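Please read through the structure below; I'll follow up with questions.
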Amino acid sequence: MGVDQAGMTSADVAKLVGGSLIGAGDVDVHSVASLADATAHDVSFLGNEKYRPQVLTSAAGVVLLPRDFDAPPPSGRAWILCDDPSSSFSCAVMQFAPPMPTYAPGKHPSAVVAADADVHASAHVGPCAVIESGAAIGENSVIGAGVFVGENARLGGDCFIHPNVTIREWCVLGERVIVHSGTTIGSDGFGFIPGASGHEKVPQVGIVQIDDDVEVGAQVAIDRARFGRTWIQRGVKIDNLVQIAHNVVIGEHCFIVAQVGVSGSSNVGRGAILAGQVGVAGHLEIGPGAVIMGQSGVTRDVPAGATLFGTPAISRKEFAREKMLLHQCGDLRQSVKALKRELAEIRAAMDLASET
Amino acid sequence: MGVDQAGMTSADVAKLVGGSLIGAGDVDVHSVASLADATAHDVSFLGNEKYRPQVLTSAAGVVLLPRDFDAPPPSGRAWILCDDPSSSFSCAVMQFAPPMPTYAPGKHPSAVVAADADVHASAHVGPCAVIESGAAIGENSVIGAGVFVGENARLGGDCFIHPNVTIREWCVLGERVIVHSGTTIGSDGFGFIPGASGHEKVPQVGIVQIDDDVEVGAQVAIDRARFGRTWIQRGVKIDNLVQIAHNVVIGEHCFIVAQVGVSGSSNVGRGAILAGQVGVAGHLEIGPGAVIMGQSGVTRDVPAGATLFGTPAISRKEFAREKMLLHQCGDLRQSVKALKRELAEIRAAMDLASET
Amino acid sequence: MGVDQAGMTSADVAKLVGGSLIGAGDVDVHSVASLADATAHDVSFLGNEKYRPQVLTSAAGVVLLPRDFDAPPPSGRAWILCDDPSSSFSCAVMQFAPPMPTYAPGKHPSAVVAADADVHASAHVGPCAVIESGAAIGENSVIGAGVFVGENARLGGDCFIHPNVTIREWCVLGERVIVHSGTTIGSDGFGFIPGASGHEKVPQVGIVQIDDDVEVGAQVAIDRARFGRTWIQRGVKIDNLVQIAHNVVIGEHCFIVAQVGVSGSSNVGRGAILAGQVGVAGHLEIGPGAVIMGQSGVTRDVPAGATLFGTPAISRKEFAREKMLLHQCGDLRQSVKALKRELAEIRAAMDLASET
């Protein structure tokens, strides 16, 4: 994997991550790996309780562990106890990471930048990128190879637009927005006046507005508004292959997991989580902090803080109750059979009694 | 959002959209907004009955309303009664829309167009677009930046291919076809002869044919046929992130909503609607005018005009019946308990009777 | 469709595919078509039992059939009996296919290839492709127009990377890997430390490793690992619009059908099949040879060879049992009603008896 960087000792790692070393301080490590894959020269970590049994059996030379981990390391290995092993592990990961590309200020000669585009001198514009008339690119932003920035689109500072992204005309991105490759921002909303001999296109002349600190995954489609804006608020994190329709509002700090689709004019409240492959119908309100579980289909407004599951989505509790009801059907069937038998017996007994 | 255009009065707007003005004729407006977002200088509209309560409480200076709306406007505001408020609102939207990009005839110097490609003189070929040998582009068509048009592909007149689309070799698009960014037309169908030590690729040498007046969303994948054609017929509207497999036929004027997947060799009949995230298995016939509700999974042929829901998809009515049956299980359980109790009593009474 | 190639006789076709000719040997054919679409000059085939009734009614001049097909061809038509009609038909398809593009060695002048990139002299680099510093492209590989290959990415020989694909830094592809248009390989995994006032990005500095003979569809997103690798093993076939999250391992020869999503750190065992629109939660083990049916949502580990269906996914057998239980609810309800009636009668009879 990647390149091995200069090695460190287990004691060095403990110092780096601010953890408490238990066991050997001279374990030589030069890369990172999961508990399952690690060798004697790897730093690993316990980030998910599911993997706790792997700690002792792993070959990892060094393991970052929660402070309550009490078994001592086998000979020649080291534990480093941390407040947050996953976060500390990220420090180790960065230490051993291969060098990442750097992006010098300036426009690549093959980039096509309109004369009246306002590209900050510190921004990087990659090969074959296209920046149209009236567009603006802020300080230190990186426009990757093959990216298209349409007329009058405006990007703030410290944005990172990965290769082959399309940002259509008039769209607005704030500061520190990251957009991964292949994504389209500002495509026309899906609006038509239906007719048996042809559907008439409803003009889509609004924009997409993406606020500060948003990250948008790869292969995402965010449609421009019919009018006004489709709005991705501050701090939202959108995973890959997500569909955001026209005039949707995604509230601050929401997580929108991969392959979710949100239909036109729906509002997703602050801090909500839409898990993978969730679908949301149009013109709905999803309350702040709601959690929609994977593959659910939301067809009604959702109260704040609710946890929903299923299609049509119902409360998680109700979903569990329905599942239980279904499983009780088998028992019920047995009970009804028994009742029938018993009734037949009683009837027989009564007939007998009446005959006597 | 965008730029404010020159203002109009409410009387001007009424004239523009051919509606009947009620209330103030001198309300000064210079943009459009939804009822919830509008200010005193916005034109808004009632396009969905759900929002009717917002009309009176909205701050919108001017509201386009259906002719049967009978409450008068508050002082200083204006109603405009129309036959079709949504359609009239589109006129107002266009009036206040920011200027859209224009596309001059000719090839950008950075475009790479094969010497023997037949590009109409009136067509626009954007920066870094690539048009391969033998390809043809019709009158007034726009080929966006970074678009790839493969060998011998043919596009009709008045097409609009947005930036970063890929159209592979030999595919054929009719007149007035719109394709949004990031989409791929003509990728290989997913065909293999399975084998435990490796799957053999089945050649995919057919094409994609897209007829007149089709619109294809962003991030869509339409696979070329194994042989013959994958065929999107006249007037079909395809939303974002849709998967159309090899040799599928989508009949005239269908709506294929976001994230739908249609498997190989299935036929979708004229005017059918596949709602968001629907999946259709392979080699099926979906009858004309059928409606498949969101997230449903179609595993059998569908009769014309049917409305289906669920996975596996069943008729909407049957789906409702199953849901009802499930909910009755709870009551049934109570009934069975009561019956057991009653039987026990009867048995006790009988035992008593026999003892006496 | 496409161009008609030089014609052949039915006898020529039989020789070409190594089959046994029944009927006319001089049927002149010059293209291929499905049974439904074929004309007298087409070769067709029976590849799916569903279409068997169409063989006799089809107009196809020549039909490739399984050896057990016993009805003779109508006058003027020909059967060709084969061991594997579908595979033999692929030979005929290739014979009549329009000429496919060829890719000469060398870099297009508009491509931007870093001075220190190691591109084999036999490789083809298309127009506006970008190959960054330290990247390597193996013998005879084709890099399509507009493709981005990031720093230090390494591709083996005989790869085919279709137009507008993005391969990020440090990713590694083996030999004979095919990647279809619009796809992104190596985007950042979706990892954040959640916080009410903002989520902190977890660095994603691992890679994607794709082994020999893998095919990846269009509009796919394969995220780079948080550390180590996201790993697509030898011979895997991935369809369009699939999401593979960070640190996932897809075992050898799996089929991952369109619009599937696999969440972080899950392992899919050798030869497993994930059908269309399946979702797999994170940190799961799917056993070798498992089959997950379309649209299912996997929330627990899956044993080897199991067939699962539903959300949450259960065994196909259990799914069928649940469906049956539900349908029995209606009968059960009738039974309970009947029991109630009967009990009431008995009680009435007993009251009568006690009165007498």
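When the chains are written out, they are named A, B and C in that same order, and each has its own residue count from 1.
What we mean here is this: contacts are C-beta pairs under 8 Å (C-beta built on N, C-alpha and C of every residue); 3 or more make two chains touch, one makes a residue touch a chain.
Here the structure is a predicted model, which means the values were calculated and not measured.
Undergrad: Would you kindly state whether over half or under half of the residue numbers at the chain A/chain C interface are used by both copies, giving same or different?
TA: Counting shared over all numbers used gives less than one half: different.
Undergrad: Considering chain A as a copy of chain B, what rotation angle in degrees (nearest 5) results from a C-alpha superposition of the former onto the latter?
TA: 120
Undergrad: Between chain A and chain C, what's the gap in Å when you average each chain's C-alpha atoms?
TA: That pair's centroid distance is 24 Å.
Undergrad: Could you pull out the residues of chain A that touch at least 2 other chains?
TA: 110, 128, 146, 164, 182, 219, 241, 259, 277, 295, 311, 326, 329, 332, 336, 339, 343, 346, 350, 353
Undergrad: Name, in rising order, each residue of chain B that touches chain C in their complex.
TA: Residues of chain B touching chain C: 110, 112, 128, 130, 132-133, 146, 148, 150-152, 164, 166, 168-170, 182-184, 187-188, 190, 192-194, 196-199, 201-203, 205-207, 209, 219-221, 223, 225-229, 241, 243, 245, 247, 259, 261, 263, 265, 277, 279, 281, 283, 295, 297, 299, 311, 322, 325-326, 328-329, 332, 335-336, 339, 342-343, 346, 349-350, 353.
Undergrad: Would you tell me which residues of chain A are touching chain C in their complex?
TA: My answer: residues 1-2, 32-34, 37, 48, 50, 86-87, 90, 93-94, 97-98, 100-101, 108, 110, 126-128, 144-146, 162-164, 178, 180-182, 213, 215, 217-219, 235, 237, 239-241, 253, 255, 257-259, 271, 276-277, 294-295, 310-311, 326-327, 329-330, 332-333, 336, 339-340, 343, 346-347, 350, 353-354.
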